[in-house]
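Two complexes come next, and they have one chain in common, chain A, joined by chain B in the first and chain C in the second.
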Partner chain A sequence: MTFAQTVAILMFFLAFFGLITSRNIVKSIVCLVIKETSAIVFFLGLRFREGILPPIGESLSQPLEYIADPLPQALMITAIIIGLAVTAVDIIMLIYLTHETGSTDWDEVKAKTKARVASLDYE
Partner chain B sequence: MLTYFVIAPILIAVFLYLLSSHYVAKILAIVVQAIFLGFTFFLFMESREQAIITVVGGYADSIGIILRADMLSSAFVMLTAFIFLITAIYALNESWSKLYWLLIYIWQGLIIGIFLVRDFFNVFVLFEVATLIVAVLILFLRERRSVFDGLIYIMVNTVAIQFYLFGVAYIYMLTGTLNMDIAAAVISETDKSQLILPYVLIMTAIIFKCALIPLASWLPKVQGIPRAPSAVAAILSGLHVKCAVFLFLQFQFIFEPVANHDFFLGLGLLTAILSIIMAFSQDDIRLILAYSSTAQIGLIIVGLSTNNADYGSLYHIINHAIFKTSLFLTSGMLMQIYKTRDINKITGIFKHSPILGISILLSILAIIGAPLFNGNISKYFIMDDIDMWLYVVLSVVNFGTIAIFVRYAFMLFGNPKNASAVLMHKNKVVSVLLLGIFSLFTGIFGVWIMNFLFDSQLSVSVGSYIEKTAIFAVSVILAVVLCKYRYRLTKQLNYVQALDINFRGMCISIGLFFAIMLIFVGFL
Partner chain C sequence: MSQTLMVLWILSAVPILFEQKIMKMILYLGAYSLITSIVFLIFGAPDVALAEASISIFSTIFFIICFEKYYDLKDTYIKIKWHKFILPACFTIFLAALFFWFAPTATPSTYSMELYINNFMNEVGGTNAVTAIYLGYRLYDTVFEALMLLITAIAISHLSWHKEKTTLEKHRYIKISKQAADIVNIITPILPIFGIYLITYGHLSPGGGFQGGVVLAAFFVCRYMIRSINDLPVVLLERFEKLIFSSIVLLAVFLVFLGIPEYIAMDAPPIFKSVYLVTMNMLIGLKVALGFVMLFYRFITIERV
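Up next is the complex of A and B:
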C-alpha cells in the first residue's frame, strides 16, 4: 500500500462522511467530487515507485521497469472526463432548482417542490 | 465485427439527428431498427456455433477492450434490439424533439455495449454515460419535481458507481489486467482473503444497479416522475436494470472462490417480499409497476443464486422485459386517456377501448404466471427442484404478485367515468398488442424457445405442472378476496405508501449495505 493509496482511502471515507451528514446540496456535490478524486488518486498510486519515469518521450528508451504503467493514466483521463460531465449536469439541475425554490437545502427544496405536485392528476 | 453492434446505433442516431425532415427521420429510425434486429438474430445464430471475440483497435488481449458475444449475451442483444424497436413504434407519433431520438439510440448502443464488453473499466464508463443519458431523458419534459428526483437519481448513482471504480482498482492491483477472462483465471489462484474487499466493493455497486431492496429506492423514484416518457420508464426496468443482473451473473462466475450465494438468496427474497408490500400499498400506477419490477428482479436473483434454476431465471429476464415494457407503455396510454395516474380513478378500459384492454390483460396474465403464458414457464423452472421452504416462500411471493395485478386488473372493468375522448393512435395500439401476443407466443412455445436460446435440455413434467396450476388457481381466488377487502387496511397501507428515503438516507443505506456484506462475506 503506497502513501497515495492511504491518502485516497482516507479521502474516500471523509467524503462519504460528508455525503451522509451534509444538509446542503452544494456540499453534497463537493463531497461527490472529492469521493471521485479519491478513486482517481487510488488508481494512479497503484504501481507507483520512487524515481519512476513518465511513459512518454525520451524515457521510453529506458528499460521497462523504470517506466510508469501507462494504463491507469489512460483510464483515469476517461474517469475525469466522465466525472466532469456528471458534475456539470448536477450543477445545472441545482441551479434550476435554486432559481425555482430559492434554497439549496435538501429538505427545503424537497418541501417546496413536492407541495406543488400533491395530486396524481394532470392539469 | 462486434464493434459495429455498439457503435451502429450511436452513428445512426447522429445521422438521423442531422437529417432535416423530422418525419422521415422517425420512419427511417423504425426501418433501421428492424434491420438491426435482423442483424442481431444473425449474430445470435453465429455465436451459437462459437463465441465471437473482437479486440477493439487490434491490441493484445491483456491491453485492448474485449467484446465477446456468446449465446447468452447475444440473446440479450437480440432482446435489446426487439424492445427498442417496439418502443420506437410506440413513440412514433409523439411530438417530442429530435433530442429524444438521438438520446434513446445512444442509450441502445450503451446497453448493447454492457452486454458485450468483457472489460472491467468499460463497464464503469458505459454505466456512467447511461446514467447521464437517462437523467436527460427523464427531464426531457421539464418540470420542477422531476428535476429534484433527477438530481437525486444522478448523484446517488455516482456515489454507488465509485464503489465499483475502487473495486476495479483493487482488481488491477491484484491481477494486473482489466480483461475479465484473464482476471478470472488469475483470481482462481489468488488467496481468498485478498479477494473479499474487491468482491464486496464491486457487488455493492452492481446490487445498487440491480435495484435490490436496501438500495432500490432510486428506480421507483425515477419511474414515478410525473412526465417522464413511458418508453423511458419501460426500457429502464426492462433492459437497463437487466444489464446489472447480467453483470451480477458474470461477476459471480469471475469471483467463484469468494462468491457467496446464500447472501444473495436472502437479499432476493427480502427484496421480493418488501417490494410486493410496497407495490400493494401504492395508488400511482407507475409506482405499482416500478415496485413490482423490483419484486421480479428479486425473484430473478433468487433463481440465479440457487443451484439449478439458472435457465428459468435467464428466461424470466427476457419475459419480464417483454411484459413489463408492455405494462409501462399501456400505463402511458392510460395516463393520456384518463388524465390521472390514480388507480382508483381509472375504470372501464374494456368499454372505452377493447383492444387496449386486451393487451393489458395479456400482459397481466403473463406477469402473474397464468398457464400458457411466458411468466408461467420461467416461474415453473425457477421453482423447479428447490428446497421445500423456498418453494413455500416463492409461492407466497407469487401470491403477492397476483394480488397486485388483480387489483391492477380491476381497472379493466366497470364504466369509463373519467375517460376523455383521446384519439387512440394506431402505432401505440399495435406496439402494445404485439408485446401482449408475443408474451403468449413465448409462453406456448416456452420450453422450445428456452432450449433454442440457451441450448439446454429442459422439459415440463405434467404432474408438477398440474400441481402449480392448482396453486395458481387458489392464489387467484385468495387475491380477489384480498383486493375486495383492501379498504380495511387503508390506514396501514397509507403509512407504508408515505415512506420516503432522502439522499442522505440512500447514502447511509449504501454504506451500511457495504459494511454488512463485508462482514457477511469476510467473517461468516
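Up next is the complex of A and C:
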C-alpha cells in the first residue's frame, strides 16, 4: 500500500469512530460524507507517486509509470455524484424527523418516535 | 509535498469529529472538502477534483438551508461524553489493525491501464482518458448513475410535496449579508460560461458532463441567493429531466450497445467521434444540471414542514 492509501484507511476508521460515538444525527451524516470521501482517496491512491501526471492530453506520451490510472478516476466521479444524492436523501429525512420530534439527538428522537408509535391506533 | 498535504488532510477532519456546535461543523466540512479536492489534484485526477469541488458546494448548502430555513439549530450543542469514547476507540483500533494485518501487499496490475491508454484515442476518441472510459468502455456505469440521480430527484420532490403540486408562496427567504451578496454577484455571470466550457471541452481537457452540469446548477443557486427569485416550474423540470434521461439511454443503446461505432470508429476522422462525445456530455450535463436545480428548489420549499 502507498502512503496515501494508509492515510485514507486511517481517515476511514477515524470517521467510523465518529459515526459509532456520535449522539447527533447531523454529525452522523457528516461522518458518512467523510467515510465516502476517504474511500475515494483510497482508490485514487493506487499506484500513486510524487509528481504523477493526469491521463489527459500531452502527458499521455510519457511512459506509463508517470501517468495516473484513468479507470478509478472514471468510477470515482460517479461515486461522488451518488454520494451527494445519498446526502440529500439523508438531509430530507433529517428534516422530517426533526419536524416530528423537535430534536436532532439520537436518544431523544428514538424515545419520542417510540412514544408516538405506541400512541397510534392500528385499527 | 504530497505527504504534508495528506497529513493536513487528516488533520482537517479532526475538528469535525470533536466540534460541539453544529453550524461550525458544517463550515469545517466545507473546508475539508476543499482540501480533499486539492488532494485529488495532487493525485493526478483533475476531473475528480473538479467534481468534488463543485459537489461540496451543494452538500454544504443543503445543510445550511436545512438549518437556516426550517429549524433554528444554530445554537444546538452536541453533547460529548468523553468516558463513553473508550470502548468504541478500542473497537475501532481493533478493526483498523485487522485491516492492516490482512491488507493486500501486491502491486496492482497495469494491464487494464495499458489497454485503455493505448487504445482509447482510436476506439472512442478525444484526448481525455477519463471521459473516454465513462462514455465508452464503461457506459453502463454512467447510465445507471444517471438513473440513480433521477430516482433521487423524483424521491425528494415527492417527499417534499404535500397535496397540491405547487410551490409555497409564503416561504422564508434566506437572508445573506450585503458583503456576501456582492461577492456572489461577481461570481454569478462567470458560472454559466465556465459550466458550458467544462461540458463542451470535456473530452479534450479536464471536465465533462457531471462537473459542468453541477456548475450550471450552481448558477441558479447563486441567482436565488442574490435576488430570492423562486420562479422555476419544478414539475416541468422533472418531466424534462426524465425526457433527457430517456434520450441518453436511447443514444447509448443505439450507438454503443448495438456496436455501431465499431464500424465507423477505426477509419472515421476524429470529428465524428467528437460529435458523439460532445452530444453525450451535453445531454449528461443538462440532466445533472436539471436534477440539481430541482433538488435545490425542492429543498427551499418543502411543503410538508
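Side notes on the structure shown:
The working rule: the second predicted complex is superposed on the first by the 119 of 123 C-alpha atoms of A that agree within 3 Å, B and C clash if a C-alpha of one lies under 4 Å from a C-alpha of the other, contacts with A are read in each partner's own complex, and residues count from 1 in each chain.
We take it that a residue touches a chain if its C-beta (ideal position, glycine included) is under 8 Å from a C-beta of that chain, and two chains touch if they have at least 3 such contacts.
Here the structure is a predicted model, which means the values were calculated and not measured.
In the overlay built on the shared chain, the residue A:Thr113 is in contact with chain B alone; chain C does not reach it. For chain A, the partner that touches more of its residues is C, with chain B and chain C as the two candidates.
In the superposition on chain A, A:Leu71 makes contact with both chain B and chain C.
When the two structures are aligned on the shared chain, A:Ile82 is found in touch with chain B and with chain C. In the superposed pair of complexes, A:Leu10 makes contact with chain C only, with no contact to chain B. Touching of chain A by both chain B and chain C, each in its own complex, is seen for residues 16, 20-23, 46-47, 71, 75, 78, 82, 85-86, 89, 94, 96. Taken in their complex, chain C has these residues touching chain A: 1-3, 6-7, 9-10, 13-14, 16-17, 22, 25-26, 29, 32-33, 36, 39-40, 43-48, 51-52, 55, 58-59, 62-63, 66, 70-71, 73, 76, 78-81, 84-85, 88-89, 91-93, 95-96, 99-100, 103-105, 107-108, 110, 112-114, 116-117, 127-134, 138, 141-142, 145, 148-149, 152, 155-156, 159-160, 204-206, 208, 210-211, 288, 295, 299, 302, 304-305. Note for the complex: chain A touches chain C at residues 1, 3-4, 6-7, 9-11, 13-18, 20-24, 26-27, 30-31, 33-34, 37, 40-41, 44-48, 50, 52-57, 60, 64, 67-71, 73-78, 80-89, 91-92, 94-96, 98-99, 104-105. Considering their complex, residues 12, 16, 19-23, 25, 28-29, 32, 35-36, 39, 42-43, 46-47, 71-72, 75, 78-79, 82, 85-86, 89-90, 93-94, 96-97, 100-101, 106-107, 109-110, 113-114, 116-117, 120-123 of chain A touch chain B. Contact residues on chain B toward chain A in their complex (touch as defined above): 63, 121, 124-125, 128-129, 131-132, 135-136, 139, 143-145, 147-148, 150-151, 154-155, 158-159, 162, 165-166, 169, 172-173, 178, 226, 283-284, 335, 339-342, 345, 502-504, 507-508, 511.
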